[in-house]
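Shared between the two complexes below is chain A, which pairs with chain B and chain C, respectively.
On to the complex of A and B.
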């Protein structure tokens, strides 16, 4: 029998009995520790889950595992946008070099070229759409067709265009009151055109020169209707095939992939929903979403009620789309479906759209089943060719026409703005927009210059060549060199405009040229830090001037938000445990002082100092461990309950991204449990330290003191 | 007959702020095995100081205190504690039982610290002592459930359970009424006679003093005569 077993047993016995004797104190200390550990376990499990969700969102949609960009850039890379604008990145002139060097680094699976920017897109033009129908009719009539149905539709389509022109004229007339003289002067021609098109004489005489009049409407009138029909599109110019292979979250939801090597754009589906969809339909979707997923009601939520109200007051947008025949059909369908006796379409629409919580689902179905087939729900459709205008580095606007092949979604992030606002553009079109040249284009310009008699002058010698002076130091400015090229590119382009969309580019053409950054996909993501260092060594050895950042850093403000959550959580935890430390320490000091006589007695009877200090430490540790474990259990239970209840729903699109889906399903982190218990132990030892010292100083003499 | 305790020309001075308070001034005393000795004197005379020095809970400013042949001033804190554990039993004025332990556990406590006995041996020894002090029926009670006299009996049992050579009792009857006090002193004397355990207790009560074999009187930190009381036996 070990000699120390006896003392240890009595020590534990006294310690535990003391805990029960001071129940109130024990419970207060316990409650604080319980709260602290529960918060650590539940909180860090949540934060880690968000971290995982976001990691998955960023890595799978745009970030990859590592990103590289030019280390001479003014700003830092921010894949999801910086503070209100795109970061200014110095271009990587030849991506193929980067790809070649970095692909050789072990554990690097893919190198995806990227260039992110924003530009303006003309979101279709209702007059154009209507004119297209008229033109189709005219084509058949000119070909000699004369059936009644065609003629009836032709008249209806014409009436539609005429109504639009009239509306446009009225709109601009109202705007003119506000405009100044200079603007009026500039718009003189446009106004005269509009007045002509709105005049009855124009329509009376339309049949005399169908094609000529149609051309007049298309060239002079339709462009005027474009104003206000612009939205900003955010896109990543990339090697589309490589991108879709590397980022498994991206998938084409409608339409098809851009054929290999072709120019084309895949518009973000979320973007399309938010900015290209018919406003009425969009608002119905939002109301449905609010009711189905956010437990909001029309009656009980101001915002939802406002959407309903806006839908009933803004039926004009729908009416504008329908020609007389379609309008009649729509009215007939609505009368049947609602059902209603109402004759007028506008009033029928108001009836349809004044929804309540009771009839919303029925009316939503009527809208999509009956009315939607007659409408163009999105202002840009698959197959359309859109014009994207972007300010190039030179300050000029560059524009490209690019075909929309489809809409792209990011799996699990369908409702996230951060991911879904992104469209995917082919790299060649991106370079045109950005104002950079492929080596081939540079060659073409060189050729043009030769024809024009221009001489290629190396920059270092430019001053000498131009002014004949001795070679003064010229500050090398990369940006200006490129601007110069960009301006020339604009001159060069019109020569080969139309065939661009049909051209198939080789992989070499795609790779050789400018990009802004590149995403690296790794074979083994767990070796991220190590690979980042290897990539850095490789690019340094090759003199590529690259900066290597991980996905979190690359995602800019978005990536830092998890760090922010973490700081907030840890601060809260720190405060709670600091409070716990002070309170436990205080309570134990008080308890020790109250027990000076008892401790003195134990010492007099023959208990060693370490017996007494051990007793106190056991008391604090027992409380801490017991309530710590209980708290950890409670935190784990909370995590489990949240999971069982279907997770924390992503209330807004930002959360959707952080949660990497419609709800956050937290998983219990084993490390968080271990960490919480570690903290508890540390706190208990620290808080028991001072009382233990006090207890150690108690001498047996204290036992002798008489009562007073 | 060798002395269990020998106190040779011992002085003890306390410091209260800047003033020095002499508690003992050149005290010499020998205590022999089997004695039942009372230290008498008014309060402040130095009784408690003397007992503390003999009980190894304090060390003298000058002079030598030997307990069981060992000079206490050269022993380490740990060795002093061990000496108290194995050679000395304590009975306190305020009983000083551990409130969270039962009567049985309070008595058993020194045995657990000493170690070396089996559970059965401990139970037998504690049982015998509880019977001797008349508290067999209260073994499971907590000290708070007992009267003052009963508590002091528990303390007596606790002081004796480790079979010490010397039991020190500082004013053991001060918190008890005189009848109860007398029975405690009688109990102590019974124990003294049964096992020949040496007892040294302090008191200022004439009636209590009368129960001792011998009395040393102390006043102003100095010992007076040692009187042997015939009447007591």
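On to the complex of A and C.
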């Protein structure tokens, strides 16, 4: 052993002596290697953690492990939306067949049907909404119903509309001061209508012609208070029971699950907070969040100050919500709580909402404790039946009424828009909205076309074909008698929406029908690739025309972001190590040329070329290993410090999703350390290779002949 | 004889070479008034209509609908009767309000003048009495040929404060009969949005008007933004008998389509 250790020891001693002799060079090379290694270790640990977080977010909220969709689809599946629109997928006509075939594949635990789309929830303007309630009462009263509860609600709804009309009149009266004569002239009729609707005589005589008076309010008054409109809801139509069992992150935060087999919707809680909440309350929440968690202040932050100002100038939405009794109660409560001597509710509201950094917390509590119980904080509440409208396959809209059973959250993703914007809709309602034409419906349309016998004229030939012949383009004709009874018989509907909401659908009915995609939950997610191949084989054998993709591909652009992070990181690492390679190489070449005499002397006293090469390689590798290990340690320390400091906070809702929670808590991956050390060694060997060749070629004669 | 023929030919050629005589603003407006007057019934009007719409990458929209008009109060009710899934849905125009009713939800929804009727390229105005002279200022643009027809091309600009589907409209009127043959709807920017062709007109005697009421038997609508989209409207039957007094109310439609 001793003879073989001897040269190695000499090699190491010479190498270390050289390294110490050229400290400046060694430190420069070392610093570059240290930086690169620290970046690889910390960066890849972060990327791995984001990857894990996102995997957990996607798999636990919507994606499952694998997804299947029709392989003839024009677009690729994108669970979180495509480029500005939902992807166009060909429908899977019979989900039950897909479920049957794929459930038999080993390692497939569940197959969850899905159809993702967006729909409009019409809210109308506030007067329209209030009038809709009166109309619903009037329908029942006109049908002969007279129960006390109905009559009490009817009176309250009427009182609410009357108050809105009065508020609208006062508001427009104030605006009239600023209007010019022409505008006043144009609005003459509108003002007369408003005066009529606000007059006691109108309400005293309301019962004499309920429907006529309602139409007057709907057509003449409501348009004057035109605002509001609609919100967009994004939803997944699914087998709700199967979904909630398969996706463990989803939980009902308020209300209850939709009873098995029933129609219904669970609205995303995040969506409700953002789009359905009373704007004043939402702004108060945002101010609180900004102050408590983002260290912003009303006095020092322009945006927060703007929210306060908006609250004080937009008290109308609160006033419109309150009927006369509630308005009195609200004023009394505010006078006590603020406290204030002010009599008028609008002014009391302005006092409440004019918050400063000093009194914000107190007034926030007053709002929620005293005022909120009198208000409808969300435009849609648990138990409401809402109408949602979505563009069907024909491009036109289909609408359904669905009951809101609750609000749904995704555990750990409560503040994430990507997850929280999603609502869960029963599959039967989704199918109604999707508007897939059944064979019977297709046949009905074919028949209509055939009877009409109309031929479409292509645009490019239209003028020549329709006007080329000239001649008289008008004919006299006798008026027909359209059979109105037959027309009305066609529009009479046997089934009412209410019947559908009460109906309980069997599992077979839920499964048999159209879906757009399906999520596959696996028993053992580590066998994902192998199972994907088995699923593909099974669907091919059954002729299902499905495309099988993993969760990452199924999530579209969102899923590709980790790959993007990784590309950015490795590009940065590549640049750093490419620079390192050039610098180390140059430094070593310079050092070698300076040591030609020394190398020549070594060669003259019997050192072999192999020894000289080894000496230089040992020098570079020693630097690399030392500083690489130091860099890896530094990277590990950075990861530890980030973790100890509570992680990297998710500054926006997208990061919330990527981090799978409010902060990214990175963990040090052994792979990261191993990879970084491997890269460092490779770079050192490559950078030391060329100087070693130069040194190897030095002969004692050349060395002796060379000048210093 | 040959000389006379040659002289006539020269005169004809000279006449053809003369520039078209511009219609004065009053003449152009008079042409449009005639158009309005022809579709006006001064009473009630019922039309049975077939509508077929093609849209890129979508299923065809096919509908049968009945539309009811009452000159007094400018009221309009459109009621879909086929296919079964659409039966009972309807639009109701009361004054400046356009309402859409869906019996499956029992809800009324306020819509705008730009509403695509039943998802097609047609608009409320395509089914209503023409009120162009009331809604637009009219200007003659040119006389030109449209296929075999000599036409006047007029430019219409919406009057201030009037709610119309398109602020600018271009019309091609048959110079011989005054019939509307072609219409272009333009956005405020001047961008062409929609072209409508009216190859065949029919007229029926109206007792309430004591004159003929004209209606286009066919309308071909071409979307100029999404070029693959087009709609065909065929008015199959018209009936001018008086309608139920309460027909143009929400309550009537609700009661009938439940």
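To be clear about the criterion, the second predicted complex is superposed on the first by the 543 of 708 C-alpha atoms of A that agree within 3 Å, B and C clash if a C-alpha of one lies under 4 Å from a C-alpha of the other, contacts with A are read in each partner's own complex, and residues count from 1 in each chain.
Criterion: contacts are C-beta pairs under 8 Å (C-beta built on N, C-alpha and C of every residue); 3 or more make two chains touch, one makes a residue touch a chain.
The shown structure was predicted, so the numbers you read here are calculated from the model rather than taken from an experiment.
Asker: What is the contact status of A:220 with respect to chain B (first) and chain C (second): first, second, both, or neither?
Answerer: The answer is second: A:220 touches chain C but not chain B.
Asker: With both complexes superposed on chain A, which partner does A:29 reach: first (chain B), second (chain C), both or neither?
Answerer: Neither chain B nor chain C is touched by A:29.
Asker: Can A:399 be said to touch chain B (first), chain C (second), both, or neither?
Answerer: Second partner only, chain C.
Asker: In the three-chain superposition, say which chain, chain B or chain C, touches more residues of chain A.
Answerer: The partner that reaches more residues of chain A in the superposed model: C.
Asker: Looking at A:13 after the superposition, I want to know if it touches chain B, chain C, both of them or none. Which is it: first, second, both, neither?
Answerer: The answer is first: A:13 touches chain B but not chain C.
Asker: Kindly classify A:604 by the partners it touches after superposition: chain B alone (first), chain C alone (second), both, or neither?
Answerer: The first partner, chain B, only.
Asker: Under the contact rule defined above, give the chain A residues that sit at the interface with chain B and also at the interface with chain C.
Answerer: Touching chain B in the first complex and chain C in the second, no residue of chain A appears in both lists.
Asker: Could you please specify the touching residues of chain A with respect to chain B in the complex?
Answerer: Residues 1, 3-7, 9-10, 13-14, 17-18, 20-21, 597-598, 601-609, 611, 699-701, 703-704, 706-707.
Asker: State the interface residues of chain C toward chain A in the complex, per the touch definition above.
Answerer: For chain C paired with chain A, touching residues are 46, 48, 50, 52, 54-55, 57-62, 64, 66, 79-85, 87-88, 94-97, 102-110, 116, 118-120, 146-149, 161, 174, 177, 179, 181-182, 197, 199-206, 212, 214, 220, 222, 227, 230, 232, 234, 236-241, 249-251, 254, 256-258.
Asker: Over in the complex, which chain B residues touch chain A? Could you list them?
Answerer: Those residues of chain B that touch chain A are 48, 51-52, 55, 57-58, 77-78, 81-82, 84-86, 90, 92-94, 96, 98-101, 105, 109-116, 118, 158, 162, 170-171, 174-175.
Asker: What residues of chain A sit close enough to touch chain C in their complex?
Answerer: Counting only chain A, the residues touching chain C are 74, 88, 122, 124-125, 128, 132, 135, 139, 142, 186, 211, 214-215, 218-220, 222-223, 387, 393-397, 399-401, 437, 441, 444-445, 448-449, 452, 454, 456-457, 459, 462-464, 466-482, 484, 487-488, 490-493, 496-497.
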